[in-house]
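In what follows, chain A forms one complex with chain B and a second complex with chain C.
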Partner chain A sequence: MTEIEIEVGARPIREINEEIRSAAAAGRSVVVKDTRSRHNLAIGLGEGARVRFEGSVGYYCGGLNCGARVEIGRNAGWAVGEAMSDGEIVVNGYAGMSAGTSMLGGLLHIRGDAGPRCGVAMKGGDIVVEGKIGYLSGFMAHAGRIVALGGAGDACADSLWGGEVWLGASPKSLGVDTCEVEPDPDEVFEIESLLASRGLGKPEVDWRKIVSAQRLWHFQSRDAKAWLMI
Partner chain B sequence: MCGIAGRILKDPGPIGRDLVELMDAQVHRGADSTGFALYGQPLESGYIVRAVGFERSRLDSDLEDFKSIINDQGCEFAEDPVADEAESRHVSVRMVVSEIPNLPRWTKAVDEISSRFEVQSVGKSLEIIKDIGTAADVADKHGVREYGGTHGLGHARLATESSVIPTASHPFWARPFPDVAIVHNGQITNYYLLRDKLERQGYRFMTANDSELIAVWISDRMRQGMEKPEALRDSIKEIDGVFTYLIADRNSIGFAKDKWAIKPLVVMGEEQEIAVATEEQAVRRIYLEEGDVENFDGPAMTHTWPVMMEAA
Partner chain C sequence: MADDLTHYEFPFPPAAEDSIAMRDGANENRPAGVPESYDEGKSPRWTPKAIADVHAMAQLGRYQLRGFNTFSTRMPTFDDLVFVPASMTRLPLEGYRESCETETVLGDRPGLVSNPIRLAIPIYVASMSFGALSASAKAALGYGASKAGTMTCTGEGGMLEDEREASNLLVYQITPSRYMLDLEHLRMADGIELVMGQGAKPGTGGVLLGMKVSERVARMRSLPLGVDQRSTVRHPDFLGADDLQVKIEELREATGYKIPIFAKIGATRPRYDVAIAAKAGADVVVVDGTEGGTGASPEMLLDHTGIPTMSSVRAAREALDECGKSGEVSLVIAGGIRSGVDAAKALALGADAIMIGTAALMALGCNSPRYFKEYEALGTSPGRCHHCHTGLCPVGITTQEPRLEERLDVAGAAERVARFLTAMTMEITLLAKACGKSSVHNLEVEDLRAMSLEASAFTGVSLAGIDRPFTW
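Presenting the complex of A and B:
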């Protein structure tokens, strides 16, 4: 069956999202054109929905995704895939701040770099970034994996509660309460399998695996000074 | 939240129309008030003064008082003042005056009546137009779309720190530095301390708005001999809080962003012609086609874009 084409332009976003939903309900895949970096596109789509954006999108694209496959041709704005629980989102360019905020499951694949706070408060799922992740990425994440082949900016994995950050290159600096551990070969195999499932070859890198040092799990106010960054 | 924008044109053109588009696209970021700093063809002689009278019915007597104050300062009206013809209680006035022998002293003198008639900007080229309402409201009321010029700033305000009144909205003029204006997205936490220091040096702030500090602070640094890029970098160290601000003068638009990297800024275009805004979808109102977008997403960033007309 042929794709359904939807033009964004200056039209109301609600109308566009309704059209995407109807197409998905009819089992048709959708290509969205003239996106003009507009916000809140393809929110809350379920299993079976397939949407491809030809250009750049604005904030919260693919947010609350619970099973759809969403592809963004160029860049995504703030919080792409926010709170997604299932499905797959691919960003072919740069993903702005807070990509994958609070995501619970599914997969977010960013081919370019990701901005600051990628995977902030993440609670499950995987984020694969072929480039670099920005300042404070993984901040206060609880579970899930962030894999960044190009390394990370300052304060990487700051205040991580749980989950893992895997880096294929050095971070500019690590955040507070982080701990770098030597990965098991089995774990490396799992990460390489994840990358292979994304069509990425086995990278020639020395993996750096960052986890929580777990000292903030038992925060004591008398220790507050140890955590102050300013 | 607030939304900010800047625009530089290669040749003088429809700067008002472009800035209204940039702000209309960001109306959801703050619809309390909207303001514009517009830079038109610079006057060869004299200054453009923008002011707000708080009581329309008293405008004639306020203008009489204003005239007599500026006359005492060796300055006179070069054209008849023009007031907006809206229904609102407050009234926006555009004046063209002759050369001002001593602008700090002149400003201090006209500020004597600022409780009823407040000067909002003074410049050879700058005009600040700001009012309550959305970009469309303010544009319709003050004819902003019709303004020609080389560059300018826009601001959509979601008030967090002070009253929703026209004078407490952005852009802010760097009182008393001619042609300098800022727009700010964020909150400054140590503004009171820094303002206090500047007030002791004789600077005057007209509102309780935290952002009013920035323009004066940067201009004061530059008065002491600092170059603008250095002053912008210095502001990241000295000014505490969350901010991305744009500062314009006749020759450039610059920006600085705090070390927490919270407030976004994107730019499209070339050095000679750019649109910069909080949100990418706003600059896409100007550049409809896909193109290279630069995201200033990192912590502690600054940049200055020149206005080519002035440099020539």
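Presenting the complex of A and C:
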């Protein structure tokens, strides 16, 4: 099946996304050129869609994805793959702030570093970052896994409700209400399998697994009944 | 006596202290008249409530948290405005014979929105989450709104199947916490509301105490069961107006330019905030005044943050006028609207539609005089209850306990909501027709007069009689 080529340039985003959608509906994979870091490319694509961006993209690329395979040749702007529920997004360069915001499922693979707030409010799925993740990554995440081989910035996994952050190198600092736990071999095997599925060899690292300390789950040392006073 | 300055002496023997005392005091040991002052704390600053607040904070080490809305007695109300119906200068419409248009269209923007929201009436039910409210309450609001030809809004807890089924028209809310937000649900919505704040507690995120984080609520919000949920206030993937513009475009792309995008803000600086929201591309701007309700909030925020609904309407409308967006971007006003009269006044001040939250809960049966013992157990009584935060709602509305929820009969409650919305609409059309208007949307500022300097100053409405607004 031949690929369909779409030029972005200065054309309206609406038109470009329509072309991507109709190509996907026809079962054709798409190569997008001259991307100019434009925002809102490949929003809300479904299963079967295959899109490759040759350059860099702006905000929300692959946002609300529900099954498409999206590859970004270079860098991605803010919130790549935000609210994705299924599918796969690969960023070959770096990702800006809030990569994988509130994603529910699927996989986001960033080959370079990810900016601050990677996986913020995340609710499921996996984020694999070969480089490091920025400050406040995993902030108030609910579920899912963030795996960063290159470590993390400040306040890593701050106020985590649930989910896991796996680091292959030290974070600059841990966020509030976090807890570093010794991973058991089965869990390490699962993470290594995830990396292997991404074509990454077994890394020679001491894994650091960060989870919620659960102290912020409840207003600290307060009997819930005390809130009934007024 | 040391302070006897005149050295005057009566021409009779000085009186004994016993005969000076009037002896009619409540306490024999105190002079008459004074004892009352011991009982009545008259300090306007250290009121019994102020003292009790210090006592509570000193024991608990935290602020108080509760539901409902502000108890502040300082809020101006729509009662300070009156309508001046037609007489000689204008011609009234016949109340029982001539019709008055009530249809309200939100997001009528050809090219950007192919399916604007068409409401039969200028009122709809405000965003209140499943979690804050029971599933039965959400369903009853949905059915009631559908029967009255209007809509509901999901609130932050995700889209409840029961509500989607009940509501012919449903706005899906996107809050910073993004609970259950995915493409499937966005595409099931008739409108999308991006929340930048709410009237009851602008500048702060949501709170849902663990008592209400039931299995179903926890699942929909991806939360551990029973946690005290606090939501962020800032969106995780956009910050300022420029980002918001990109976000709005993303939502249009995701939903195929079909449905309108709402931007909801708490009333703080409506003159600027509304203009920014409109310029960023929102189809509908919702301004929620400080009298708006909440399921749970730090109490002091309810009383001390945000500006009153009445004062925000003119400012919001003028903002849209100034940036040329009136007629293109719709303005929805909410926050403490109790009746068709309040709603009509807000329409006259410049709103395109009115949202009711607490009033709709009252129609469901909130504070209705039943289950007295359980109100008592909460330390309150019907007509005074504000314990939404506890999850122990005696009438099954703001609870997740099956035992309480089953008290809300969905069919009956839905009918009451429909009737209340209908009655509110009748009040609005009655006033509109008296003012000579064949559409509720023709109500205007000139139809109002202010009865207090404050109301005039807040709204720019002319003072009664003198027919001039109070100006500085």
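Rule of thumb we're sticking to: the second predicted complex is superposed on the first by the 219 of 230 C-alpha atoms of A that agree within 3 Å, B and C clash if a C-alpha of one lies under 4 Å from a C-alpha of the other, contacts with A are read in each partner's own complex, and residues count from 1 in each chain.
Following the convention adopted for this analysis, a residue touches a chain if its C-beta (ideal position, glycine included) is under 8 Å from a C-beta of that chain, and two chains touch if they have at least 3 such contacts.
Being a predicted model, the structure only gives us computed values, none of them experimental.
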Touching partner for A:H39 - first (chain B), second (chain C), both, neither: both
Touched partner set for A:V128, first chain B, second chain C, both or neither: neither
First (chain B), second (chain C), both or neither touched by A:P116: first
Partner chain in contact with A:V165 - chain B first, chain C second, else both or neither: neither
Contacts of A:I72 with chain B and chain C, given as first, second, both or neither: neither
Partner chain(s) touched by A:R14 [first = chain B, second = chain C, both, neither]: second
Touching partner for A:L149 - first (chain B), second (chain C), both, neither: neither
Chain B versus chain C, judged by how many residues of chain A each one touches: C
Residues of chain A at both interfaces, chain B in one complex, chain C in the other: 39, 58-59, 78, 97
In the complex with chain C, residue positions of chain A that touch it: 13-14, 17, 39-40, 43-44, 58-60, 63-66, 78-79, 82-83, 85, 97-98, 101-102, 104, 117, 120-121, 123-124, 139-140, 142-143, 161-162, 214, 216-219, 222, 224, 226-230
Footprint of chain A on chain B - complex, ascending: 261, 264, 279-281, 283-285, 288, 290, 293, 295, 297-299
Chain B partner contacts - residues on chain A that touch it in the complex: 36-39, 55-56, 58-59, 74-75, 77-78, 94, 96-97, 115-116, 134-136, 153-154
Residues of chain C that touch chain A when the two form their complex: 56, 60, 62, 64-66, 176-178, 181-184, 186, 209-211, 221-224, 227-228, 230, 232, 236-238, 243, 246-247, 249-250, 252-255, 257, 299, 378-379, 387, 389-390, 392
